[in-house]
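Notes for the one structure printed next.
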Amino acid sequence: MTVHRRKKIEIVVEAAMLADVVEWLTEHGVKGYTTVPKVSGFGRQGRRQAEDPARVFENVLVIAIAGEETARRILAESVERLRDYAAIVYLSDVEVARPDHF
Amino acid sequence: MSELLALAGANLLSPMVLCFVLGAVAAAIRSDLEIPEAIAKGLAIYLMLAIGMKGGLAMAKSDGANVLPSIAMALALSFALPLLAYAILRGIRALGSVDAAAVAAHYGSVSIVTFVTAVEFLNGRGVAFDGVLVAMMAAMETPAIVTGLLLARRALGPGTQPQRSRARQSHLLREVLANGSIVVLVGGFAIGWAVGPSGMEKVKPFIFDIYNGMLCLFLLDMGLVAMRQMRSVDDLGLRLVGFGLVMPPLNAAIGFAAARALGFDVGSTALLATLCASASYIAVPAAMRLALPQARPAIYVTLSLGVTFPFNVAIGIPLYLSIAQWLARSP
Amino acid sequence: MSELLALAGANLLSPMVLCFVLGAVAAAIRSDLEIPEAIAKGLAIYLMLAIGMKGGLAMAKSDGANVLPSIAMALALSFALPLLAYAILRGIRALGSVDAAAVAAHYGSVSIVTFVTAVEFLNGRGVAFDGVLVAMMAAMETPAIVTGLLLARRALGPGTQPQRSRARQSHLLREVLANGSIVVLVGGFAIGWAVGPSGMEKVKPFIFDIYNGMLCLFLLDMGLVAMRQMRSVDDLGLRLVGFGLVMPPLNAAIGFAAARALGFDVGSTALLATLCASASYIAVPAAMRLALPQARPAIYVTLSLGVTFPFNVAIGIPLYLSIAQWLARSP
Amino acid sequence: MSELLALAGANLLSPMVLCFVLGAVAAAIRSDLEIPEAIAKGLAIYLMLAIGMKGGLAMAKSDGANVLPSIAMALALSFALPLLAYAILRGIRALGSVDAAAVAAHYGSVSIVTFVTAVEFLNGRGVAFDGVLVAMMAAMETPAIVTGLLLARRALGPGTQPQRSRARQSHLLREVLANGSIVVLVGGFAIGWAVGPSGMEKVKPFIFDIYNGMLCLFLLDMGLVAMRQMRSVDDLGLRLVGFGLVMPPLNAAIGFAAARALGFDVGSTALLATLCASASYIAVPAAMRLALPQARPAIYVTLSLGVTFPFNVAIGIPLYLSIAQWLARSP
Amino acid sequence: MTVHRRKKIEIVVEAAMLADVVEWLTEHGVKGYTTVPKVSGFGRQGRRQAEDPARVFENVLVIAIAGEETARRILAESVERLRDYAAIVYLSDVEVARPDHF
Amino acid sequence: MTVHRRKKIEIVVEAAMLADVVEWLTEHGVKGYTTVPKVSGFGRQGRRQAEDPARVFENVLVIAIAGEETARRILAESVERLRDYAAIVYLSDVEVARPDHF
């Protein structure tokens, strides 16, 4: 079996921005994504605890597997795009078997 | 004054308000007590539906002459109230203009739970009120958001604001116009009105009989939530906390004037004052987080939920009723 | 016909059905209203338990002579109904054979919520029915799955289907035979039967008095869910939507014949027709997803939940009752 | 003996206990039936609040003379009972000393659900009891944890135990002292006491009327949970299972002696025996997991939830009542 | 401290298949796995949104740390095994301290 | 855009230990972390299934992005620190755009 290298983009972002982030990823042509809801955390913006009444303090984790170039463009744009929001973005290397899927 | 204390004392002896106190105590001693979020949301939907149906049923029994002027007044109040809050916040130099605009939007809108508590307080003392108040509450929830955003836009200047994407804009619009609580409230109102006394008979045990008990559980949760939020109050600073305590009576005063203009009875007057005095802590934070990310949620949620909400439940509601009764006696 | 319209109109003035409408409206205006999944599941379990207990209590009061033939009929119907649906779907060239087999299984099985709505509709008009219908509903849920899988296996041919692993097979068997809703329904039935009127007295306020109110909340959720699913209906194409609207009355006709063979009264006849006409949207999709992954859930969930379910609630149920009444008058 | 069987039989004919059986059967046939966790927690909070309020209301009507000695006795029992359990476990060489200490803590504490089931059992037979039992239950929950930890510390020796970090220690303290269930129970008790009969009237339909029905749903879940836990019982070995069946009557015997010392009536005696006989399966496991990670949860959760809890519900409670009645007749 | 290289296998798959995937991983001798429930996403099969009434549109994320060879075998088999299902599989490198655990 | 290399620390641990683990990460100076609740799994301590009544069998997944040295120190300490608990720890490489955040 030949394996193919792709990049995994992971974004932890406040839940209110989920629709926006997904739209943005899609504009960059990712072929899919996965979202994990009700995530909590801590960062520059302090403690963010999921399941508050207004869902203002809930994070989501968004995962997308994509080509290296797409991933780099998303990472570069994220600096500007997510400036005002609670969010982090990071990339890592993954191997997949079906290159056409990602 | 002694009358007020007696009222407040009587208020504290209802199981409903004591459940709120219990929740607050549990949070204060850092108990791990937790009402699951799904239960809290389920209870909120039940309360909205029940209060809507009750209001609609009351409307079905009345002549409904004052509906349109009342709703017009509610819209006007919600549009206008943020201006006062904004002016004060900027006047006392408590906040920058973006944060001030966000906070102002919360105080122009309403807290449904505060309203529910006030209704229960009136019921407990046998004070009647008009079903149209439920419709007024629904009308007051969203206009304040528009005023708040306009204030913020002025502060940010043209072009400073990040371009809204399509997804975000449509999300905001839905938040604001088709907010779940409002839909259930207005829908319940319409159903209660449409089916009338005979139709409502079928759901009486659920909607009327167990209502107070459901309210107990809900207020238990609100006590927990409010007290946990109060822990962050120290970070606000004295000036902001003062604002959170002074703004409710000021807005209530405007409510009294409006109630007089509409020729309201004692109970309706107290409720309209309560609506003006209360600050949103669910619908408006959600809208602000999307439309005005530069404003800090730690400020607006803590102020409305940690300062103004407990003030209104403990002191405000009995106070507004006393004043309404005093106004009714003075010509 | 005018009688039917009057019935449908009366139906729409009950708070329960209006709550369904409210949910549908909320979804249509894209409100963010959401009943937490846990609440929806809790309500479903409550309704299953209550309806089971009520059926069992009715059985305890009757002689129970018709139980065995009724259940045998229910099993036979559920096994056979998918054949008609499959033949139609293939005949009108609406779907490939695997998708057609999956859809057919849904129409042979039943929708418990449709049944509950029908029961409430009969109660509202004072039409009595036999407790055995509850047992028939339980019996009809699963046989259709077997027929659907056999139809699919024929289409796929031997060897095409991926080998089932042990875990998956046992999972499927559990889904099908020990489905949670059925266990609660049958269990509640047995309990109601065993404890009889005096035992049921202890839980009367919970099981009987607040039942209509709980149903309001549940139907509010169903309105939301059904309308949200209806958004995908456009993707189905005209032929499939037509199928989803024509299949219920066709299956209902078979139900009328079966009811006559069993000598049922008006209410029981209407309910059996409703069971035949309804399509599963919880148990069968879950089973199909495991056993027939090649079939597309977007088709079978949208058809049963987005087309057939609202059709039955709005038009089907009053229609089936009218027909049952008409049949009772004609010898 | 025949009286006991008749009692047990009558017990099994209440819808509440039959719902427990239904849950157990569903788990036994590996149904996928699941009560959402949020619903189960919501029901538990409701039951705690209701039982607390009922106890407080009963206290408000009585003279309250025996409150202090009763609570002192409850504290003493909970501190002391783990010593017996520990001695037995070590004596029969069933467990190492750390696991034995953890298990012992569970048997000194109480199972609230077992208590609730016993109360319902007494109500069903018209047997009265003192409201102070609710306060005793609250008092018995935590002292046993302290004894268990002291036993374990002795076994581990100084220095062996990992240093507790600040976060973990304060977490444990909260778990133990401000446990959510206890806060709601004690709070409900205080509220019922404070508002008295007239105040409680407002929440009667919710707290009293639908109580049995809510209990049905809750016991359905407990049946599921207990039976699913019983699947792991085989791994315990015969000696431990024997312990889980023999310990309850032994602790109950101590409860009978304590009840006699306090001059309790029949119902209160049966309830105190039940408290002693029951083993915690929510509060204590959570505390042990933090404070004594070396002990194995698979052992202590399975023993208390999979062996002792079903034993008490099926056999223990009717047995303890029979003995209490027999004791009352013998001078 | 010496660290040891292992592979992380991540599988996003429809919830209905969870029991099956776990059985399959176990057959390959993985010593443990972790599952994250109620995950949503988008892929070739369109939008999949957790918490629908039938749980037909719910995904789960399965994570297993294992040796390189095991991971490659699982990746290779996944192509055939998960063909008909909503699913993706990818590998990445991780470092662990206790080699006997994985 | 220049990207910066960091380490991702992932910890699957029993829910009761969450406060403790977070305190420990913070002592090591991580600038943020993310937690995913209600995670289930299997390992040396057998099956652990989230949503049990006492929450004794629930796991959480903790993610922290940090500098290489911090990550290695955390991994090394974890052996001792989490010995008695159901827990695994592993590291991997990630790339980030805003080095000051991590």
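So that you can tell them apart, the chains are marked A, B, C, D, E and F in the order they are listed, and the count of residues begins at 1 in each.
Keep in mind that, in the parts below, contacts are C-beta pairs under 8 Å (C-beta built on N, C-alpha and C of every residue); 3 or more make two chains touch, one makes a residue touch a chain.
Just so you know, these numbers come straight off a predicted model, no measurement behind them.
Counting steps between touching chains, the shortest path from subunit B to subunit E takes 2. Ranking all chains by how far their C-alpha centres lie from the centre of subunit E, first place goes to B. Chain pair with the larger contact count among B-C and A-E is B-C, by C-beta pairs in contact. Note: the chain lying farthest from subunit D is A, by mean C-alpha position.
Rounded to whole angstrom, the centroid-to-centroid distance between subunit A and subunit F, based on C-alpha atoms, equals 19 Å. Each chain gets one centre point, the mean of its Cα atoms, and the points for subunit A and subunit B are 36 Å apart.
Separation between the centroids of subunit B and subunit F, computed from CA atoms only, is 41 Å. Of all residues in subunit D, those that touch two or more other chains are 36-39, 42, 205, 209-210. Residues of subunit E in contact with two or more other chains: 22, 36, 38, 92-93. Contact between chains, using the touch rule, shows up for A-B, A-E, A-F, B-C, B-D, C-D, C-E, D-F, E-F. Residues of subunit D that touch subunit C in their complex: 13-16, 18-19, 22, 25-26, 29-39, 42, 124, 205, 209-210, 212-214, 216-217, 220. In the complex of the two chains, the subunit F residues touching subunit E come out as 10, 12, 36, 38-44, 50, 59, 61, 72, 75-76, 78-79, 88-93. Residues of subunit B touching subunit A in their complex: 37, 40, 162, 165-168, 171, 225, 281-283, 285-286, 289-290, 293-294, 297-298, 301.
Only residues 36-39, 41-42, 45-46, 49, 53, 174-175, 177-180, 183-184, 187-188, 190-191, 194-195, 199-200, 202-203, 205-207, 209-210 of subunit D touch subunit B when the two sit together in their complex. Those residues of subunit F that touch subunit D in the shared complex are 14, 16-17, 19-20, 22-24, 46, 51-57, 81, 84-85.
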